[in-house]
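Alright, structures below, take your time with them.
Two complexes come next, and they have one chain in common, subunit A, joined by subunit B in the first and subunit C in the second.
This part shows the complex of A and B:
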């Protein structure tokens, strides 16, 4: 079972933006203030270009592991697979923490025990052991759900937004812009996620363009959300996490109807659950391909990876803000290595070979 | 021959023809039309003076359904199946006469699939009658009916039906192979077959379509599916199955498209409410009170104030009572049913509330959920289990538990395939063309092609 190119487009347009709605808006508000749209715009354009490159690589119809093996041999490819899997697990850490914050704030009135979050890892272990095709099929269902959730949240909150709060443009200066870009690197890694998927879906003519446009479409929705978010909260936006669950809380009919916005928030939280599992699934897939053989390997790897993540989340449970700050501030450089440098290097190596083959 | 058929309900009738040759006719007492046997076979043979070979004897009978067989065990099997066997002095083979007469009930409207508009005929327990109901609607040479036998002892006849050129050959082959590989003692009902035909036999979700109505059965054959009719069962099976089929009722095709669309969405809503409402009620009470509007919250708070049980235990108790009532009302004789309704609704419901064991909202929610479940009657087994699982999860993990369980169920559903057709099609994988007959129901004239998911070799059904 392989995901189709349409499912890849659905992921880029509707699932990937949802992963950026929890902590990133508040982080951006802290770094770039009312100019929070500009760093995101820059990141989106950069990511779109990288996604285009990755989708060009997908024309080879072989996985990133196979590409590296072709270029550098078996041993180097295995080392690369371990490094990529480690990066994917590292990348998964922040979405898992975000998921935990979301769960705490939208699903419970009082802070629940840490163990309440543990069943997520059981679900993640189940899904990570499956082929990517299962996730692809889920994206078919998630795409409309994400669209409805996003539209609902925006519809219920746009009335309370004061877009004047976004003015004057450029108030944060170049420093704010650069800080905004630097600190959001950990959220804009979609090209790395896509890179780990190449070869696992069939490339159809025009997918590179379609995928890039879909990503930009999802990015536009994200920009609009950020504008509404800052419009609703203004300077206190830095305190509003998870952003997507806070932004519609002031809907005027909530006192009569109850928090009907929760329907849309739950829809987005549902989509997010699958987004969080994706890097873990890819890490398992990459390791299974590199060290494959036994059919029991993917389930074992899945259990191992999820146990590792659970341990990491449990250990860092006491100081989540420092952990997040370290990832977004100190370790930010790791993310462009895999989301920008790696795809470009692979494109430089194999893009030319492809042209030679064609000529 | 008698050694093979020692049972007392196997009778024999001995006679001789004009030349004095001895004949014996063996038949199962209750399964043979004796008048027909006498009229079409025995009477002509009394005056027979021709050659003693099977071909000549067969030609001398008036029966349109006569076969010869040399194997004694095969002849014995035919007698047990209800077909009389004729043997005679100097015979090279036995003669099997098709004068079986099985007691059958009349064709009637199936109680589980009542229609206000559209045909009211339903399948019965006789496979021959059922195949005739199908043949009546599909008067085409492309309709293939292959009779297979399943069950070592019951030797139940299973009719494998498909439309040649419309159904994929691989599906027919695979179904035939799976049926042939079944090694079971008896096959009392077609539901036994579903366990053998499913790609995941232990699955919570059904993987074989069922219907009691020949019009629906024929429509499914015309879409490119394979149908199975088992002798002794009024429930026909269709393959490959997609989950959306159970949201479509036969009547949807006889009412305007907008009405059908509305009722399909209504069924979906009812099913979701049936599964999720009790769970969300419990989760909202225990973990997230903000889910409820303030006024409703106050009303509920007033109702549950003196209830000694926890919300999840209270809901489980009411659900258990509903399931018991449901089970008892199905099994109980009809004349006791009225009394049971009174006891169930009034005594258990009203008294339990006034005694303070359970709250009124809990009863309302379970009642609504119970009704909602029957909006999609073919999925009751699956949805009632899901409802219970959701309730247990909500009671222990709250809304997040419901979300995780839903994610798990969704993953399971979208990754299940049977005979190469995904269970969740046309939504996952998304097949835009097939959405025309999903929750949306397009006008009949817009549905020119057969469902793409079934990959029929004959794609077009109307011009």
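This part shows the complex of A and C:
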């Protein structure tokens, strides 16, 4: 069963923003200080435009692999598929690390053993082996959970926010703005995620506009979260990871009722788990399509991809700062290649069909 | 049956992954081995010649019979050159894994507050399992001794202290509480200043006649009686660059509370008459046109709450203030606000976040005036008290 337009909109509005709530707010606070909203706003607008382009590509009703094969042949398409899968796995690495930080911070009260996180990879291996078409129903469940979780966290934290901390606008200057954009490239790859899904959902009239607006709607919630986050933590925002689990801890009734915000935090963490697995699932799907044949291939690829991620996470377990810094700083340029350049090139090649009106 | 067997593998998968998800989303299955875990309720920090001494007040299991309700605790000291080392020392000496997740109070002794307190608070700020919402307090003398003292009102001194820092006490204007988060924001901000309640312990008069048997430390009813203490936190310690630079009197603390707009149903007395604050609006404003100016303004509505002489029932039922009374009370509160400002300027403590306000106004204004001493700043102080009509 293919995901419907509604489910794609759910993903863009409610699931995609959740992946940006762990490390990104603190990273932004470090780079752009009180101006952390502006780089995100720029990224959101850019991504929204790219998502519009990707959804236009979805009108061809064939996958990105099929599109490339049509234009460049089998070999080139397979090379492309391997590159895209490699990128998706690379992109998945940071969310996995974030998920690990989240689990360690909010589900435990002392530092747990490294292996405690291992079951995640079993879950990921299972989900990744499944066809991407099954995601639609998943998003139907996740979208309300995400909306409730986000609303709950914001509701419990907004009272402690000092929005004056966001003033004066522009204090970080152009340098802070550019650094903020550069350092957040690794979180704004939703267009690449969507690109790997085209052809797996039918394009309905107006989906390009609706999807873009839904993404911007989710982006507004993200911006509000960031404003609340900086309002609550101000100068110590750089220390607060995972951001979404920290921001609501100061709710005044928590002393009487306990950490009821954990209900909402758990909901968001649950949604996040599926968001983290998505690029791995897409990598497996892309490779399976490119080298398809045996029905055992997706499970084997899934095990292989997850073993690779597990090995990477285990190897870099003791150098988290350096790893994050390398991905967000040194290797930031890789992300726009696949999230911006690739969709635009594909749109240029396979864009509007003749005499076709964009609906 | 055939159908069932056919779908069994899928159901097995679902079951397996449901179990894995359960594992993933549970912590240690709630199995906190109380015999190996120290639930730290409060931490007291003092400096000594070797570094720091951290006194952890640890909750211990207590009998369940009706005569011994409440929380019992034991105080253990850890020593080290850093607070983190002190925590490790606690572990090494007791075999208990200290869990800071329940630590709601950090008390700084006089010696700890003599130098930059972030030497020690830094450990709590970077500890991801220590809640940033924990309360901070400074105390006269040693924090270890304060936590080890026997409270007259609770078996565990930390719980007795936390009663002083309740929301109700804060709304009454009796105490200015702060959390690790708020103090850290003040410290790392432009003003580099902060405050926390200043606790004093006093011997409870006639405590040896009172309820017997301190439970703190797990002492039995038969043990020799120790002196019971009551605590007061009506003063406020103010910090600049993390160093304790002054102590606000209870009147100044109340004025500070009014300025923050915290007070509701708080009382204060002027010339033998007590007043109840029904509405409080505080305003701290910085204007920076040609040169910066600071204004502190309090607007509150009050009613009579008690008098040192007998009044007629008609007077009692109204509780209103005459015009002269309004002016007299306004003058007294203005005086308290002025005293608060004087304390801040004498200590060069930017408690009211003048520099932060400058920075928020504009970076240029901040750069121009950030080094202006507080004592050179023109200040307008005004309290306006209105009677309940």
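The definition used in the following text is that the second predicted complex is superposed on the first by the 351 of 359 C-alpha atoms of A that agree within 3 Å, B and C clash if a C-alpha of one lies under 4 Å from a C-alpha of the other, contacts with A are read in each partner's own complex, and residues count from 1 in each chain.
The definition used in the following text is that a residue touches a chain if its C-beta (ideal position, glycine included) is under 8 Å from a C-beta of that chain, and two chains touch if they have at least 3 such contacts.
Computed from a prediction, not measured in an experiment: that's the story for all the values here.
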item	value
First (subunit B), second (subunit C), both or neither touched by A:224	neither
Contacts of A:7 with subunit B and subunit C, given as first, second, both or neither	first
Partner chain in contact with A:103 - subunit B first, subunit C second, else both or neither	both
Contacts of A:332 with subunit B and subunit C, given as first, second, both or neither	neither
Which superposed partner A:269 touches (first subunit B, second subunit C, both, neither)	both
Touched partner set for A:258, first subunit B, second subunit C, both or neither	first
Partner chain(s) touched by A:236 [first = subunit B, second = subunit C, both, neither]	second
Partner chain(s) touched by A:123 [first = subunit B, second = subunit C, both, neither]	both
Intersection of subunit A interface sets (partners subunit B, subunit C)	103, 107-109, 112, 119-120, 123, 126, 255, 266, 269-270, 273
Subunit B residues within the subunit A interface of the complex	287-294, 296-297, 397-401, 403-404, 406-408, 410-411, 414-415, 422, 424, 427-430
Complex contact set, residues of subunit C against subunit A	13, 17, 20-21, 23-28, 32, 97, 99, 101, 125-126, 128-129, 131-133, 167, 179, 181, 184-185, 188-189, 359-363
Subunit C-touching residues of subunit A, taken from the complex the two chains share	103-105, 107-112, 119-120, 122-123, 126, 164-165, 167-168, 171, 232-236, 239, 246, 249-250, 252, 254-255, 266, 269-270, 273
Interface residues, subunit A side, partner subunit B - complex	1, 4, 6-7, 103, 106-109, 112, 116-117, 119-120, 123, 126-127, 130, 133-134, 136-138, 140-141, 255-259, 262, 266, 269-270, 273-274
